[in-house]
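Okay, got some structures for you below.
Heads up, the next two complexes both have chain A, just with different partners, chain B and then chain C.
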Partner chain A sequence: MSINSETMKPVTNLERTSAMHAAFSRFFQGEGARRLRTFAPLIVLIVLCILITLANPNFIEPRNLIRIANSSAVPLTLAMGMTFIILMGSIDLSVEGALSVAAMVLVLLASNDANTNEYGWLAVIAAIAASTLIGLMNGIIQTVLRIPSFMATLGVWFIGLGTSVYMLGGSAVRLMDNSIRSLALERFLGFPFAVWVALAAFGLAVIIQYHTRLGRHILAIGGGEDVAELSGVNLKRVRITAFAVAGFFFGIAGVLAAAQLGQSNAVIADGRLFAAVTAVVVGGTALTGGEGGVLNTLVGVLIVTVLANGMVLLGISPYIQQTVQGLMIIAAVALSLDRLRLKIVK
Partner chain B sequence: MKKLSNMFAAGWVQGAIPPALLVLLIIVVEIGSPGFLTGETLGLLLGNTAVLFILATGVTFVILIGGIDLSIQAVASLASVILAQLLPSIGPLAFPVAIASGLVFGILSGVVHVRLRVPSFVATLATGGVVAGMALLFAQGRAITIEEGGRLSTTWINGTVVGVPVVAILAAIVGLISFMALRYTRFGRHSLAVGAGEPAALAAGINVDRTKIIAFAISGTLAAIAGVILAARLSSGSPSLANQLLLPAIAAVIVGGTAITGGLGGVARTAVGALIISIVRIGMTFVGVNIFAENVVFGAVLIIAVAITIDRSKIPVIK
Partner chain C sequence: MKDGKTLMNFGAMNRRTLMIGAATGLAVSAMPKRLFAQAAPTLVTSIRSLSNPYHAVWKTGAEAYAKFAGLEHVTLVSEGNSEKGIADIKAMLAKTGGNMVLNSDPNDTPDARPIVEACKAAGAYVVTQWNKPADLHPADFNPNYVSHIEFDGVSSGQQIADILFKAIGGSGGIIALGGQISNTAAIERKKGLEAALAANPNIKLLDFQVANWKSTEAFDLTSNLLTRFGDEIKGIWAANDDMGVGALEALRGEGLAGKIPVVGIDGIKAAVDAVRTGEFAATITSDPFWQGGIGLALGYNALMKKFDPASEPPEHREFYGKVVSITKDNVEEYYKTNVEAQPTLDWNDLWGRVVGQIRT
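Showing the complex of A and B:
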C-alpha cells in the first residue's frame, strides 16, 4: 500500500506542476498564507470598494450604499439557504421553483387583484411554509429515492415553477396588501424593512451554523460522509432537515421578492439560481462541501452586488457586465481555493 | 424496495432500463392519443430532438470525465448570433466561423478548469457568463433575423431527405462520430478511465489534463453546432436563443443512464435519454396536459425517470 502511494506522488507532482501553479503555491504556503487565503474574498471586496470609489466617489454616498443593501436583500436570503446545501457537498437547483411558489402563495392569499382573499400576514406564514415543504420534498426525494441532489432538485425546480405558473394562470397578479408591501417601501433607520429581514435571516443562519448540532453535522457530512456516518450522524435526518431549512430561507426570499416587485409572475425567479450559487462560491465556500460558511457567503453576496452596482456607476456597457462577472468568479475562486487540500479538482 | 433494487442491480438489466422506459413512454402516448406513431409526427419528433441530442452529446463527454459543463447554452447562443451576423457578409463561410467559436470557448473552459484548478461547475458557470456577455455585445442585446439573402444558405438544414429531416441526419452523424470517438479511440478510453478514478488514471500515465481539455473542446464545438442548427431552424440568432436547453440537455444525459459522477455511460445512452426527454415534452401536448401545468408533469417524470434508470451500484456516495 505504501509503495503505491510513494510511486504515485512524483507522477502527480510531475503532471500537475506548471509555472503558474508553482507561483500560486509559493504565495499560498504555510499557516499565514492559509489565513490570507481565508480572507481573500474579504480583501477582494475591500479592494473592489476602494477602486470603485476612486473612479466614482458617488459610490460611498449613503443613498448608493442603501441601494446596494436593498438589492442584496433577496440574494443574501437565498444564498443563506444555498450555503447549507453546498456545505453538505450537495447542490439545490430548486431555488427558482421554491421562490416562485412562495411568491405565488403570498400573492394569491394576501389581498390581490385576482381573487378576494385577504389573509394578510397569515399569507406570509403560508408562503414560507409552502417553500419549506418544497425543501422537505427535495430532501426526501434525494435520500429515500437515492437520487443525486443535482437531479432531484432539478425535477423539483420544474415542479415548483410549473405549479406557480399554473396557479397564476400564466399572468401576473398584483399584491395589494399595504402592510406586506411596506416591507419594501417603509424604512427603519434609513434602510428598507427588507434589508432588516435579510439581516435577521443572516443572523439566524449564523446561529444555525455555529451554535446548533445541525450546523456541525452539515459540516461533518460535507467534510466526509462516511466518517460522519461512522461518528453516529444520522445522515438522512440531517440531509432532509438541511434541505427544509434551505426551503425556509428561499420562502423568506420569495416574500421579499414579491413585496419588492409588488406582484408575482412567471419570471419573478429568473436568474436567481445562478446568482445564489455565484455568491456562495465567490465567498469561498467549496462546492465539494465541508469548507466555508454563511459568513463567507455574506462577503460573496456583497462582492457580486457591489460589482454590479460599480459597473453601472462606471458606465460599463450592460452587455459586457456578465463577462466581467464571469472573469470575477474565476479570479475569486482561483485565489481562494485551497489547492493543496483539493487533490482532485472535478 | 430492497428486493426491487437487487433485481435491478444485474448489469445488463440496468443498461436495458432506459430503452424500456422509452418504449413504455411511446406506448403510453400512443394510447393517450392514437395517431402519434405516424411518419409525420415521428419526423417532427426527430427534428425536435436533434438540437437537444447534439448538446447532450457534448455534455456527455464532460460528464464522463467526472465534470460538468454549464456554458453550453451560452456557447450555442453565441454561435447563433455569429451565424446570423456573418451570413450576409461572408455567406456560408459563417458556418465554420460560428462553430470555431465553440471550439475556442470549449478549450477556454477546459484550460480554466485544468490550469487554474477551478472546479468545472464554477469554471463553466463563469465562462458561460463571459460568453453570454460577448453574445449580448455582438448582437447589441437584440435578436438578429437571418434575412432573405442569408436564408439561401440555411434552407438545406430545414429540408428533408426521403421524409427524414436533415437536422435528424446531422444529429445522427454527430452521434455516430461521437460514439466512435468514445469507443474506438485512445481519447475515449482515457476519458472513461479519468472519470472512473483520476488518481488511478494519473498513475497509469494518462495525460489527464489533455484528456479533460479535449472533452471540454468537444462539448463547446458540439454546443456551437447545435446553436447553428437552432439559428437556421428559427431563421434568427439571439443571445438568449438556447437558454432553455442547458438543463434538459444534462437531464437527457442522466436519464439515459450515464452516471453524473463520471466513468460510466456513453453516447448511445444519451440518444435514448434525449428521446425520452423530448417524448415527454411533445407527448404532453398530444395527451392534452394543461399548458401551464406541463412543467409540473415534466419535473415529476424527470425524477421518476432518474429514480428508475440511475445505476446506484456505481455511485459510492449520493450527494
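Showing the complex of A and C:
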C-alpha cells in the first residue's frame, strides 16, 4: 500500500465533480443506442439470471447466491487489478505467476505441513508484498527497458511460476493456519469472509479509478498516450504504479485462493489469466484501452460466474459448456462496443 | 609472406593432428562393443516435470534404485515438451555411447516410437510407462525394448467407486468429477465408474462434470452441484485426488466435510491425510516410487543378461501394474511406511506386481 499512497492523494473538489460528471455522462448522455450499449453487460446479466431462474428456481435460493458470491471472490479481486492494466491499453499476463507466488509465500510462512514457520497474519502481508513487488517489476521492465507489456509480463509470469514451483518442491503444501483458513470457512452476515475481502478490494478499486489522479491518468493513457503525455501526465510513473496496484490485487487474490483450497501447489493459478481477461472484456472494457472500468468488470465477473453456475444447474453437458462460454464472450463483446465506430480491427 | 607461411604451417599441423585424431577414433570404434559394456551403465529417468508431486516421488524411487544398484543416475525433465524430451534422450545416448538404461514416461503417446527407435539403434535398454502407440510393441525391438507398464484405469475407477458405494450404504445419489475430456486415463476411469454403477442399480449418478484434473475447478463445480442437488448428494467420486481435494474443501466451506465421503486416485499426501481423518473414503496409488525404481530395474537386469526379454511371456512385456488402494483399514500403516519414511521395496522382485497383459 505504501507504494501507492503518494499517487492516491485526495483530489480537489473541483476535480472530483468533473470526474463524477464524466462517469455520469457515460451513463446518461448521448444517443439512446450508446446508452443501451453501456448497459449491455448489465442487461445480459439480468436476462441470464431470469432465464436460469425460470429453468431452475433453485438459482435464486440464498444459499446459491452465497455460493456464486463465494466463487466470484477470487476472479473479482484478480479482475480488479487486470482492469487498470487493460484500461491503459496494456496487458498483464503475469496474473498466474503473481498469484502463485503470493499463495506460495503465504503457505510457506504461515503454519503448514512442510516447514515449521508460524508467522500468521504477517505471512498474509508478506504474500501481498511479494505480489506487489512482481507488479512493480512488470512496470519497471516495461518502462525502463522499453519492452512491450505483453512480452515483459509473459517473462515475469514464468519467473513467478518457476520460483513458486521451486520453492514448493513440486508438491502441494497444505495451509494449516486456522485464522487464515477462516477467511474461507467463517461467515459474517451469511457470506464467507473471502467475499467481504473481495468486496473491499472492489471498493478500493472504485476509489482508485474514480477518486484519484492515478485512476484518471490511467484512463487518459488508454485513451491516447501521446495526448496524455502532452497534457503533462508522467507516463512512466503512472505505468509503474498501475502495474504495482495490479500486483497488489493479484496478491489478495492469491491469499484468498490459498485460503479457499487450504493448500498451495504449482497449478493453483492455472486458467486464472483467461478467466480474468474474459471477465474484464465481457464487462465491456475495451482491450484497446480508455474505455470501461471497474464497475463494468464487476458485471463481467458476475456474468462469467453466473453462467458457469447456471450451466451446472441446468444440467448442460460438460462437453458443450466450453462452447457456450465461447459464444457468450463473443456475444457480450459484440453488444457492448460500437463496432462500427472502430477504425481499425486487428 | 611470413604471415602466409605461418598460416600454412598452422594448417599443416592441424591436418596432422586431425589425421591422428581420426585414426584414434577409427581404432576406438573398431573395438568390440563388449569393451564398453564392462563399464557401469548409466541409469536415466525421463519424466514430464518435477512440479507435480507424482513425478517428484517417481524420481525418489529412481534414486533409491540407483543407490541399491550402486550406479550413476540422471533425471531428464521434458517440461511437457515432446521435442525437448526426445532430444535430451538422444543427447544422453550419444554421451553414454548407448551404455545406459532408460525408464521413460513419454510426454505424449507418439513420442514413445522415436525414443524406442533411438535406444534400439544405440543399443540401450528401455522401459516405457503410461504412453505408447497401440501398434508399438516391445517384442518388435528385442532385446532393447524390455517392457511397457500401464495401470488399468477401468479397474481403478471401478475399485474406488465400489469403496464409495459401500461407504454410503449401498444406495443414494453421487456426483462425479472427471478429468480432461479427451484424455485416455480420464476416459478409462469414467468407464470403470460406469461399470460399477451398472452393478449397483441402487446408486444414482446425479451428474458427471469435467473439472480438468484441477482442484480449483472441482471446488467451484462442487459448490454449484450442491445447489442443484442439495441433500441428494451422498458421495463424491473424483477421477484424481487433486479434484477430490477441491471438492472436499467446497464441502468444508458448507460444513459438510466428513459427512459426504470423497474418493480419488493418485494417493497424493493431502488425500492420504484426508483418509486418515475420515474425510476421504479411499484413494488409489500406482505407487510412483515403485514405478521410478522398477523401470530401471527391468532395464538393468536385461542389460546384465539376468533375463532375456525375448524369451519372456507377453504379459511381462506389456502389462498392467498393481495399484495399491488406501482406505481407513490400511492408511496408518501406509502413512508409516510411505509418508513418514521411504518405502523399502524388494527390487529383485521384477514381476511381483504384474496383474495381466494390457488389453488391446
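Here is the rule we go by: the second predicted complex is superposed on the first by the 314 of 346 C-alpha atoms of A that agree within 3 Å, B and C clash if a C-alpha of one lies under 4 Å from a C-alpha of the other, contacts with A are read in each partner's own complex, and residues count from 1 in each chain.
Here is the rule we go by: a contact is a pair of C-beta atoms (placed from the backbone, for glycine too) under 8 Å apart; a residue touches a chain by one contact, two chains touch by 3 or more.
Since we're looking at a predicted model, the values are computed, not measured.
After superposition on chain A, the partners chain B and chain C are seen to clash. Taking chain B and chain C in turn and counting the residues of chain A each one touches, the greater count comes from B. In the superposition on chain A, A:323 makes contact with chain B only, while chain C stays out of contact range.
Of the two partner chains placed around the shared chain by superposition, chain C is the only one that A:67 touches, whereas chain B remains out of contact. Of the two partner chains placed around the shared chain by superposition, chain B is the only one that A:157 touches, whereas chain C remains out of contact.
With both structures placed on the common chain, the touch criterion links A:261 to chain C but leaves chain B unconnected. When the shared chain is aligned, chain B comes close enough to touch A:142, but chain C does not. Touching of chain A by both chain B and chain C, each in its own complex, is seen for residues 165, 169-170, 318-319, 321. Interface of chain A with chain C (complex): residues 56, 58-59, 61, 63-64, 67, 70-71, 113, 165, 169-172, 174, 184-185, 192, 257, 260-263, 265-268, 270-271, 308-309, 312-313, 315, 318-319, 321.
Across the interface of their complex, chain B is touched by residues 4, 7-8, 11-12, 15, 18, 20-21, 88-91, 93, 97, 141-142, 145-152, 154-163, 165-166, 169-170, 225-226, 274, 277-278, 281, 286-289, 317-327, 329-330, 333-334, 337, 339, 342-346 of chain A. Interface residues of chain C, counted against chain A in their complex, comprise 49-53, 55-56, 178, 181, 207-210, 214-217, 219-221, 223-228, 230, 242, 245-246, 249, 252-253, 268-270, 273. For chain B in complex with chain A, the residues that touch the partner chain are 66-67, 112-113, 115-123, 125-134, 136-137, 140-141, 198-199, 202-203, 205, 207-209, 247, 250-251, 254, 260-262, 290-300, 302-303, 306-307, 310, 312, 315, 317-319.
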